[in-house]
Amino acid sequence: MNAIPAELLHIVIGLVAVAASVGLIGLVMVWVERKVAGHIQRRPGPFEVGPSGVLQPLCDALKLVGKQLFMPLGADPILFWLAPVLAFLPVLLLFLPLPVGDGLQALDVNLGLLLILAFSGLAVLSVLLAGWASNNKYGLLGAARGVAQSVAYEIPLLLSVLSVSFVAGSLNLATVVEGQGTWPWNWNIMTQPLAFLIYFVSAFGETNRAPFDLPEAESELTAGFHTEYSGMGFGLFFLAEYANMVVVCAVATALFLGGWHGPVLPGPVWFVLKVSSLMLLMVFARWTFPRVRFDQLLNINWKWLLPLAVANLLLTAFFVKLAQFA
Amino acid sequence: MSALTLYQLVALILLMAGLFGIAQRRSLVGMLISVELMLNGAGLSIVAASQLTPANAVLGQLGTLFVMGLAAAEATLVLAIIVVIARRFGTTKTSVVSTLKG
Amino acid sequence: MEDMAKIAFGLYTLIILGGSVLAVGAKSLVRAMVGLIATLLGVAGMYMLLNSPFMALMQILIYVGAISVLIFFAIMLTRADAGGEEAESAPLRQNLLSLLAVLSVGGILGWLVLTRPLATTGVPVEVSIEKLGLGLLGPYGLAFELISVVLLVSMAGAVLLAWERRNGK
Amino acid sequence: MTVVKVMMKEALQTVSDLWSLMVGLNVTKRYFLEPQITVRYPWKEVHNLATFKGHLELVSSKTPGKGKCISCGMCAMACPSNCLTVVKRKAPKPTPEEEQALAEAKAKGEKPKDKTPKDPEKFLYDYTLCSLCGTCMENCPVGALDFTGSAYLAGYTREDFHFDLVQVLKNQAGLEGVDETAAPGAGQSEG
């Protein structure tokens, strides 16, 4: 038996790095969200713990870890605790094929995009199991909504991603990034603005972010599918939501915004900058737009995003073919 | 035992589990789950055979892909049928639904 | 097979076994569905071992992402609660008969597999995704079109079947 | 043609809807960049208390330490939660001359002039019962009551919130007979 294969080692190191960064990103994002929300409403947000309250999420995390784990009467014990784990674990995998810099990628697979799309589908299962297993009507309603929503929004998301990979001719995110240039007018967003719009709107739906946060709409479903979760069960859902946000923003950056390309600064810095500005946009959207009604949500998807995405895909295919002939 | 045989045996296990489920389950949804198990066994068998023998590997993978597509179509239809039956009989137990009168 | 691959194979086999037992034997249908999902993931791992990552990802995308969600909807729409549909086990006679059926089929097939091994190359062939795409558009184009027609028809059929007429029309 | 018109209208509507989303984001951005309104209270003092309505106080008249109150009792009568008690001053014991004058006046058939001072001896106010409705102020004929701007009132017992507003007024004016315990809210009120 020879030594552990280098590729496996690469993946393991990548996984560890990803797990660490997911935790960190979760903490930072909680702080950023609360701070930004505060400033938008012209109040300070957390400011007591640490300078400008940066340690507040850490304290919250400690509190969550220390809390008692409750399970409602009549809940399915195995599925109830399986759900948060299932919400969190696939997210770690989603980070692997993200190209942070030139050659800086945990898993350089040919099918990176497909991997992300496939494993982000697992998030639906966790929502569904959490809602069902907690033996709670609000939970079940939230789960039903979450499933209907993510299944619906996955289609335009997939189609808009496909139209970009048509142009790039690859499903590897790194290859797609390499096909783009340094300056903004060399990015895919210039050739595929509609796809970017569709992708970004669908990303809101996929990550259950406001204004599409119907599975956890506080005003009507208390907390939707994770109503019954306390302590770290809830914490894992929370972490998974933010990690998912990072993934969709990173994919958008790689596909549409030129990935690590950018003048002067090194690649990873540009990548992180682009991802964080997209995430800031998502936070802004959350504190700007009111939550839509569920029928409106599905109407937006089936009546606007899906036809537009299909039309965009067909047009793209047509032009790609035309470019081949020319 | 060659690797191919091992894969075929796992596929066989899936087929047997699915078959047992179909025969023994009493609700339509349980049967649907069992059918999916059997289809998975078939897919695994096809892919293993095509990948590990000199046979056409593209054909094997695409064949399994078609099986997946068919499974999706079948699941959609079965879902619709189950909804209709549940609306009509109030249950999906096969023993109740066995009546022939419309 | 390499050692790593052997370990992975054993792990996936265990997952598949446990998952299928849960899928067939669980009293609660949702648990059965979870068993099915475990099995699907195990099979996806096997595809990965067989050097066909595209199939593995498609398995996860189609089966886990779509079909199991459909099954969950089926469970919810039939209002089968935890102790509901599958609570009482089948009568002994039925269990014995189904076991007999399974064993006869499995015995024949297993005997065939074990006694008539195929000539294998031992190493899984690598098929690039380009080749698969060319196959879909070239020699197997007709099947591809047919499957899309089947999907469309089944979708339309499902809508038609489950359509609830309003206003007594 | 009408179909085309409707479609045009729909499309225009969609575009304007999308534009409104941008406008909304712009509003958010503007507010994000504007300075905060919230005061980080324990670390910074609150200054914009002009509209704050604290507990009641007596409005001071021109002579320091004396309120405008004429102890008519209208406020206590109007108070829905019975938190006000006005203790009137007793008429001072008339001196012999005064008594004589009074008797003379009575003999003349004149109505004697009441020499009793109008200002209340005590104006007891139970802040624990007060709902700050302002009915007392509305019913006061001379406008002798007002809300303070004191936001920092705190105490350890219920009795800390039982005030004698006359005493409070005196304390504010810095007159003799200052009783610290009687008026915890005194001296701190602003605005």
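Lettered A, B, C and D in written order, each chain numbered from 1.
The rule is short, and it goes like this: a residue touches a chain if its C-beta (ideal position, glycine included) is under 8 Å from a C-beta of that chain, and two chains touch if they have at least 3 such contacts.
Everything quoted here is computed from the prediction, not taken from an experiment.
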{"item": "Those chains which touch chain C and also touch chain A", "value": "none"}
{"item": "Pair of chains with maximal C-beta contact number", "value": "B-C"}
{"item": "Geometric centre distance via CA averages, chain D-chain C, whole Å", "value": "75"}
{"item": "Centre distance in Å when chain A and chain B are each reduced to the mean of their C-alpha atoms", "value": "32"}
{"item": "Interchain centroid distance [CA atoms averaged], chain B/chain D, Å", "value": "78"}
{"item": "Computed distance of Cα centres, chain D from chain A, in Å", "value": "54"}
{"item": "Numbers and ranges of chain C residues touching at least 2 other chains", "value": "54, 58, 66, 73"}
{"item": "Junction residues of chain A, two or more chains touched", "value": "none"}
{"item": "Sites on chain B at which at least two other chains make contact", "value": "none"}
{"item": "Touch-based graph of the chains, sorted into line, ring, star, complete or other", "value": "line"}
{"item": "Full enumeration of touching chain pairs", "value": "A-C, A-D, B-C"}
{"item": "Residues on chain B engaged by chain C in the complex (per definition of touch)", "value": "2-10, 12-21, 23-30, 32-34, 36-37, 40, 43-44, 47-54, 57-59, 61-62, 64-66, 68-84, 86-87, 91-93"}
{"item": "List of chain D residues in touch with chain A within their complex", "value": "14, 21, 24-25, 27-29, 31-32, 34-38, 40"}
{"item": "Interface residues, chain A side, partner chain C - complex", "value": "1, 5, 8, 74, 76, 78-79, 82, 109-111, 114-115, 117-119, 121-122, 124-125, 128-129, 132-133, 135, 140, 144, 147, 151, 154, 171"}
{"item": "Sites on chain C touched by chain A in the complex", "value": "3-4, 28, 30-31, 34, 37, 53-54, 57-58, 60-61, 64-66, 68-69, 72-73, 76, 82, 128-129"}
{"item": "Interfacial residue positions of chain A with respect to chain D in the complex", "value": "36, 38-44, 47, 284-285, 287-289, 304"}
